[in-house]
Amino acid sequence: MKKILNDPSNYVDETLAGLVAAHPEYYRLHGEDGRVVARAKETREGKVGIVTGGGSGHLPVFTGYVGTGLLDACAIGDVFASPSAEQMADAIRVADRGAGVLRLYGNYGGDVMNFDMAGDLVEFEDIKCTTVLLADDVASAKPEEKEKRRGVAGMVYAFKIAGAAAEAGQDLENVTRIAQKTADNCRSIGAALSSCTVPQAGKATFHIEEDEMEMGMGIHGEPGVWRDKLRPADDIASEMMDRLLDDMPLSSGDRVSVMVNSLGATPPEELYILYRVVKKRLEDAGATIVMPLVGRYATSMEMAGVSFTLCKLDGELEGLLKAPCDCAFWRVG
Amino acid sequence: MIGKAELLAGIDRLAAAMERDFEELNQADGALGDGDLGVTMTRGMRAIKEKAADLPDDLGMALLACAQAFTKSSGSSYGTLMATGLMAIAKDVKGKDSVDPGETSRLAALARDAMMARGKAELGGKTVLDSLDAVAKATEGQSDPDRLADAAVQGAERAMDDFRDKPATVGRARIFAEKSKGMDDPGMLAMTRIVKALAGRN
Amino acid sequence: MKKILNDPSNYVDETLAGLVAAHPEYYRLHGEDGRVVARAKETREGKVGIVTGGGSGHLPVFTGYVGTGLLDACAIGDVFASPSAEQMADAIRVADRGAGVLRLYGNYGGDVMNFDMAGDLVEFEDIKCTTVLLADDVASAKPEEKEKRRGVAGMVYAFKIAGAAAEAGQDLENVTRIAQKTADNCRSIGAALSSCTVPQAGKATFHIEEDEMEMGMGIHGEPGVWRDKLRPADDIASEMMDRLLDDMPLSSGDRVSVMVNSLGATPPEELYILYRVVKKRLEDAGATIVMPLVGRYATSMEMAGVSFTLCKLDGELEGLLKAPCDCAFWRVG
Amino acid sequence: MIGKAELLAGIDRLAAAMERDFEELNQADGALGDGDLGVTMTRGMRAIKEKAADLPDDLGMALLACAQAFTKSSGSSYGTLMATGLMAIAKDVKGKDSVDPGETSRLAALARDAMMARGKAELGGKTVLDSLDAVAKATEGQSDPDRLADAAVQGAERAMDDFRDKPATVGRARIFAEKSKGMDDPGMLAMTRIVKALAGRN
């Protein structure tokens, strides 16, 4: 287990302790057991709150994106495990400024049940909640069953764009509509080269040979579409772009942002090698690339691999994507 | 009538049963899933026991507090489903200090339906829903405490027998659908133990 | 070889092609063979230039730190190999705005020879050059032989602080003095958990068992001070802090910045776990932490491990450290 | 006298020798270092050959152009040292169209000293410096082209013999100091081949 940790059962709490110690200007812990992170700075009354939540081990997702122009609060589960409904309810309570709260998170069974339950809990306190689920992973279900897809890195676009709308003072209905439009316009696919280790499990989540890769694998090691010998970078990038563009064709004049994301261990050098092909494919389709994101935005701890995310933009989404935001992991404007 | 005293006694029996079944439930869940079902139930019941002394007389408010204690203790699917069922019953009995045992069937069905909505699953999928459904049906028209207890236990056990050879269709176990044939669903097993403990039929 | 690449001999050129394609607002390629990266924006005449250079495979070091308030140009070698003197001379030529150029880089034999040689070449063209070498790795030589130490992540502090001085219009002599003061006040140590693969070599640079770590290892896998079983995070952090504080004791009232840096694969979660101890040790010594840096600042591609760097500050250095800077990998202010 | 014609002929012979010795030099370097010495020399000489047609008559300027071509082709230690030596000689003969063969010893010593300064290494460390030192000493007082050539080759070969059993002290090979005893230093081997090629003694 090539991890730097103490008692595995303290992995998440120690991570959060270090996070707030390093960035007190950005993050503050809340909740009975310290599993809610909210902005260090008070937000103004009447601002729509945006909360997310999910398992740990994906930094900067989820916790990292709490910040100005982004999220208001996040409920934090153990590595790859859903937070409890009560923790989510706490996140909602912290985020509420009287204008309602959008629950914006990835489509995983446990998270959905718990966020729904959290909504029931805070309903007793008259906090109005809406929900937008990210289900952007094209490898996880056919287009006919879109709603069953997993939520992956597309989340980052939704956080950014909905966060900007809320910061700009839009109401809950509009923030929700904009988040849903973003979710509808995101498509992602990942490819993994190596596994990662959940601290409490103590051994790799799955096994993959030294010369193999898996196309379409999910961020917890969920099965993909094929496993085979590692291919050249340009072939991998081409196939990933094929699968994204098949699912969401682009045509001349379209404006799109693209994220080339490392799952953790894959270095930026290799992301840039891939980006050459990504850029060419989008330009060949006649699309204009807006604010490409190349780096580590949504990870699985030390997993080697990449994901690509397309986010198709209209004028409204593009303006919000480019609006300022600020957290310890990402700044725009 | 079932009042606060009966509730507290039920909590005691259930908490004890879950401590006893810790390993067995973990193992049943581990065969097809992530092996945490014993953890979920033990932690949940411990959390409820801690609140027991402070529970209000209003049965609805008392059950709501139990549900909240349970959700606080874990984010697992089963814990959330249990709390969902409890909350549905809590809403129904809110304002009452006691309920008639004859209401058992209706309340079990209420919990079942809330949990179906929460988990977006159907009946017949070899889950805790089928156990509750069987309990609701077996207890229909029963109000004598002793007969009610026997009927509930029989319902839960019959559901396990009926579904044992079917494939899992929900949650992590779905991936191992074939392997799961012949094995009890861990959530159904847990519900059988819950019913037995509440019925005082260990 | 768990890397995403095409022909290994194109690894660096394809990385650079992707880098400038993704960030045209920051970086531009120069030089006959495109192995010099300079700022996309012209800098004003009369500004002191700062150049660096070294092997590839350490992003954001070196190339990434070309930007406003940071470096002017960088010469780029193959993975872990020195650029040529001619490439370095090109970088110096691009960076020169008539006020002279500081060569600011890490202490490695090949780089030193080539940068000296590059200085001889541009001397024919009347460009005045100075040199400051980073030699911050305390594990690589005893205090008596300080000048033989390798340069590692301390470089980032030197780029930032000297870069701010040059941006503020200070002259070559002052920028050089400030860079030297920064270098003198930096101490680093690394610990590696896994190796990495130089693309053209095609196999791991060194071998290390699944349950082993090496304390004091260099960023190319140079030998450290011990190799043994992996220890708990808090023990690792304590030993690293012991070694740094032995070499540069801090006392009450000292102000210091600290970097907790991933060598690549180690995720931020684990950096934060370590940061708890780092913070406590510095505070126990009576020091005040200024602008802690936790993340990936100087890496060895997909190597797992961490490094800590202390940078002791006086008023001058602290002001410059906090001054604005902007590149694709780092923004301050 | 050595003029441009002799320089061009020397470049041709040296470039051919380096193509021939490519594998051998890589192997010698690979035993203790990173195995790129053949690459360095072949690429460097190819770069010089490309410039050959455009070299000026001024021997100093011609050698400067050769040095620059060499540095452009690689960032390896040996390439930089070679270019450093060439530049030192270039500075000395700047403005002349030819030099007397009797200057060979002095010019070899000049290159040696410049390379010592660049690489911050001492004589006696089993490096290319010791080869150049031996050549400078062996050619002292020699001006007859034939005897000069023999003396230079003998000097380079004697240096290899003298140092073979000593440990490496510089560069990557230093880490393998013990293992390096009994093996030729790759940089000394390359210098012997260079001297032989320039001397026309292959």
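Should a chain be cited, it is by its letter among A, B, C and D, assigned in written order, with residues numbered from 1 in that chain.
Keep this in mind: a contact is a pair of C-beta atoms (placed from the backbone, for glycine too) under 8 Å apart; a residue touches a chain by one contact, two chains touch by 3 or more.
Values in this document were obtained by computation on a predicted structure and should not be read as measured data.
A.B. asks: Once the contact rule is applied, which chains count as partners of both subunit A and subunit B?
C.D. replies: The shared contacts of subunit A and subunit B amount to nothing, since no chain touches both.
A.B. asks: When the centre of a chain is set as the mean of its C-alpha atoms, what distance in Å lies between subunit A and subunit C?
C.D. replies: 30
A.B. asks: Express in whole angstrom the distance between the two chain centres, defined as the mean CA positions of subunit C and subunit D.
C.D. replies: 34
A.B. asks: Using Cα averages as centroids, what's the distance between subunit B and subunit C in whole Å?
C.D. replies: For subunit B versus subunit C, the centre distance works out to 58 Å.
A.B. asks: Where in subunit D do residues touch at least two different other chains?
C.D. replies: Subunit D, residues with two or more chain partners: not present.
A.B. asks: Using the touch rule from the top of the page, what residues of subunit A touch 2 or more other chains?
C.D. replies: Counting only residues that touch two or more other chains, subunit A contributes none.
A.B. asks: Would you mind giving me the full set of chain pairs in touch?
C.D. replies: A-B, A-C, C-D
A.B. asks: If you look only at subunit D, which of its residues touch subunit C in the complex?
C.D. replies: Residues 68, 71-77, 79-81, 83-84, 87, 118-120, 171, 175 of subunit D touch subunit C in their complex.
A.B. asks: Which residues of subunit C touch subunit D once you look at their complex with the stated criterion?
C.D. replies: It is residues 32, 77, 81-87, 109-110, 112-114, 116-117, 120-121, 223 of subunit C that touch subunit D.
A.B. asks: So in the complex, the part of subunit C that touches subunit A is made up of which residues?
C.D. replies: 1-6, 11, 14-19, 21-23, 56-57, 59-60, 64, 193-194, 210-211, 230, 232-234, 236, 260, 264-276, 279, 292, 294, 296, 299, 301-302, 304, 306, 331
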